[in-house]
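If you scroll down you'll find the structure; I have some questions about it.
Chains: A, B and C, in written order; residue numbering restarts at 1 for each.
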Amino acid sequence: MHRSLIASFALYSAALLLTLFTLAPLVWLVLMSISSPNDLTSVPLNWWPTEVDLSRYGHLVDLNNGAGHRFLAALRNSLLTAGGATLIALIVAVPAAYAFSRRGASLALLFVFLATIMMPPITYVLPLYEIFGGLGALNKTTTLIIVYSAMLLPFATWLMKSNIDVLPVEIEQAAFMEGASTAFTLRRVVLPLALPAIAATCMLSFLVAWDEFFYALIFTSDLSAKTLPVAIADFSAGRVTDYGVIASVGVLATLPPAILAICFQRFIVSGLAAGSVKG
Amino acid sequence: MTNNLQKKERTAVSSNPILAVENLSKSYGDLRILKDVSVAIEAGDFLVLVGPSGCGKSTLLGCIGGLTEITSGNIQIDGQDVTHTDPAKRDIAMVFQSYALFPNMSVGDNIGFGLEVRKVPKTERDEKVNQVAELLKIEPLLDRAPAQLSGGQRQRVAMGRALVRDPKLFLFDEPLSNLDAKLRVTMRTEIKRLHQRLNASIIYVTHDQIEAMTLATKIVVMKDGVIQQVGSPREIYDTPANIFVADFMGSPAMNILDADVTMDGLMARVEIAREDGQEPLILYDTNPGEGITSRPAGPLKVGLRPEALTDLGSRSVNADQQFDCLLDVVEPAGSDTFAVIRLGGTEVTARMHGDVDVNSGDTVPICFDLTKISYFDPKSGERL
Amino acid sequence: MSAISRSREKWVLLFPAILVLSLITVLPFLQTVWTSFTDAEITAREQQVNWIGLENYIWALTDPDFLEALGRTMYFTAVSVGLEGVLGIAVALLLNQKFRGRWFLRVIIILPWAVPTIVNAVAWRLIYHPDYGALNSLLLQLGFIDSYTSWLGDPDRALNMVILADVWKNFPLVAYIALAAMQTIPGDLLKAAAIEGAGAWKRFRSITLPWIIGPMLVVLILRTIEAFRVFDIIYVMTRGGPSDGTKTASFYVYQEYFSYLRSGSGASYAVVVAGISAVLILAYYAGIRRDQRGA
């Protein structure tokens, strides 16, 4: 079918508009992070930096700088928390997913699992706060890891289940026939076959944990456990006069998920679609 | 070690069946897949379960293997009740239709998997794997991944994995159906050779009646979850238990015709109507069974294999039983020439010699051989 | 495998997951429900906790501030999910056309989704900044406004500005799912309709929309569940202000707990929020069922 000139014009205009809408806030965030404070406080704004100023990034990766110290501590905490929670969630989710997929565990139970993450966290955060407070476990990375793994677990189970569902069941049957136990079959046969699914699940879980703010806000109070989202909220709420610093922290916190999202787009989109739509 | 791949002396315990299935039923909700199935085989038997798709043969195999939970009945392997035993503990091996090779392991690791599970030391494992590979002529492939193999090679690896453990019973689930026609014939021969060499006890599921005939020492024909007939290939072919078996086994299928059967002395007189006001065929069965002699005259279904309708050729058949027939369609097939004739209200196939010179529309004399005629009840379809 | 060992094994496989979820979510939730019937407070000293029945609920459901917060949450949810739906489908329609550079647009659309929620909130707060914000500067330079405006300073406008920021981050998910659904429409169907003389709008209404409605419904309900518990973006952009203009239900409960330290009444608010969420969650499962039956 050939498009008329008007239709083409409308199409490309819409595409351009969408590109601007999508990219403008991000481009502006990056520009802010490399503009001089003067450019950022002129009225109206100096859109293009008079000179590129990378000093903020330098400060942020410098342990001896105040902001850098806070940023790097938060980065470490975020990596540990998101990484640890992803690991635990996967270790717990894979056997559960296998039970749902191959051992006839009731799907109603899986829906209960999923309902726990759909409930607003505000509905159960206070008892958790009091329990962890009583155990002296507040403001600890380990505590966040445990809470996050519960948060990641239902989705990870769900994703792994739909991926195990499509593995050929005869291969597992062959393993049982050869005398293998379920644990042996899981480790030696199912896991290697499900490796791409595990990678996708890990990535999505990591991104969710990386993004989490609410629990981190309530359960952490200083640099020993605060994660990046909380640190960024602090930065922006504090008396920082240079907005470029806030922007550069934002850029750094966005880089890992943005790179993952671009590189593994197919994985992520299909994972999201499976997680949100398929029943 | 070599001796376990050589012919085993299991005939000594022949009084004890290696597998006995008794009154087995399997239902999914209201859907009854297997209805009161009983079957047993002796050590060294090659049992083929054959039937159209959906007849329950694969389910039965799954029950024997322990992959499918049964609804009622019991299963014994080598005298032990394994009805509720894990597949892992039944001492059986299975070759799957899809081969079910572990894609993440080399061919050698695939074959050795069962030994690895049983914690057999590496050196002993390698030795056994090599022996099996030698037997199946796949030694050069041991380090390859299954994805790099052809269909026939995967088939061999799947068999190797089953053979290496020397189990009591082998289960084959339509193992040749994913191969192309030529390879299927080769592998069929190979499986038969392996069975003869190892004297293994095998249960083999197929929907292909030629595979069943060529491989089996014993055939079980199934339909709708019910066993129709159990017997040697010859019994199944020559004396089918009902019209279903007669029609299903053999290619081309047995001709089933309407006929009036009356006793004429010691002979049975079989009268078959012809088309267009032609005189009916009057044929005589010189040796009818008791099922016919004791029965009042009347309409019946009779079954004649295509080879019972043939040209004169060199056959020493009763030349009296010879009638001119119009050949509707002639289909030369090399070694044989098949001709379709209209008889008894239906189309029947005659099997003529490959070198006869006939064409569609010719009228030629056809000899009828009634020595292996089958009689069926027209209502129930059961053999008389 | 025998039925007994299979079913025992099933529970062994499930046990760790059930344990983690029970301890971290289910039991605390039940504790919240119990607390909602008491006058408990968050305090360091020993306190007498009294069972006060439905008093908290009577209080909560007659508290105009809380009801307003609920109403605000529903407004936020309805408008942002509605916009995400419309924008998502429009973007998917665009990305389903053939044009040069389409692959690029398909790739970059994922970026807003990848931006962490907090960074998104911070970025938009800077864009909305009353003195140095990009939005002010842009609109002034284009001549749309005469002087800088405090976008988040007006209680009536602030919530809408937050919604814009939320829509920017979340429309990609909806767009991807709409696009995935559109790509399964057989091309012949649309061609046949075009040959029959159906215009673009007619084709959209009678073929595309019915085809994608199932998955769209499910993803939009999921977004509704998420939007209903909105907290982080509010926390960073406005802290519920100005004059409670953006105080949503989750934020309201958060303050009742951690600013006023009233756990009993806070819990009753939380249970009301949970009840509404439960209705949404049930709607989600009903949507999935419907979608599967349709498919």
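Everything below uses one rule, namely that contacts are C-beta pairs under 8 Å (C-beta built on N, C-alpha and C of every residue); 3 or more make two chains touch, one makes a residue touch a chain.
These numbers come from a predicted model, not from an experiment.
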Exercise. What chain sits nearest the middle when you go by CA atom centres?
Worked result: A
For this session: Just list the two chains that share the greatest number of C-beta contact pairs.
Result: A-C
Exercise. Which chain lies the greatest distance away from subunit A when centres are computed from Cα atoms alone?
Worked result: B
Exercise. In whole angstrom, what separates the CA-based centres of subunit A and subunit C?
Worked result: 16
Exercise. Just curious, how far off is subunit C from subunit B if you go by their C-alpha centres, in Å?
Worked result: 62
For this session: Report the inter-chain centroid distance for subunit A and subunit B in whole angstrom, where each centroid is the mean of the CA atoms.
Result: 58
Seminar exercise, completed: Residues in subunit C with touches to at least two other chains are numbered 1, 6
For this session: Could you list the positions in subunit B whose residues touch two or more of the other chains?
Result: 66, 86-87
Exercise. Taking each residue of subunit A in turn, which ones touch at least two of the other chains?
Worked result: 176
Problem set entry | Contact set on subunit C toward subunit A in their complex | 1, 6-7, 9-14, 16-17, 20-21, 23-29, 31-32, 35, 42, 91, 94, 97, 99, 101-102, 105, 107-119, 122-127, 129, 131-132, 134, 136-137, 140-141, 148, 168, 173, 176-177, 180, 194, 215, 218-219, 222, 225, 228-229, 231-232, 235-236, 249-250, 253-254, 257-258, 263, 266-267, 270-271, 273-274, 277-278, 280-281, 284-285, 288-289, 291-292
Seminar exercise, completed: As the complex stands, subunit A meets subunit B at residues 168, 170-171, 173-181, 184, 188-189, 192-193
Seminar exercise, completed: Seen from subunit B, its contact residues with subunit A in the complex are 65-67, 86-89, 92-94, 96-98, 100-104, 113-114, 117-118, 161, 165
Problem set entry | subunit A residues within the subunit C interface of the complex | 1, 8, 11-12, 14-15, 18-19, 21-23, 25-26, 28-29, 32, 40-41, 43-45, 47, 91-93, 95-96, 98-99, 103-105, 109, 111, 113, 115-128, 130-131, 146-147, 149-151, 153-154, 157, 176, 182, 207, 210-211, 213-214, 217-218, 228-229, 232-233, 235-237, 243, 246-247, 250, 253-254, 257-258, 260-262, 265, 268-269, 272-273, 276-277, 279
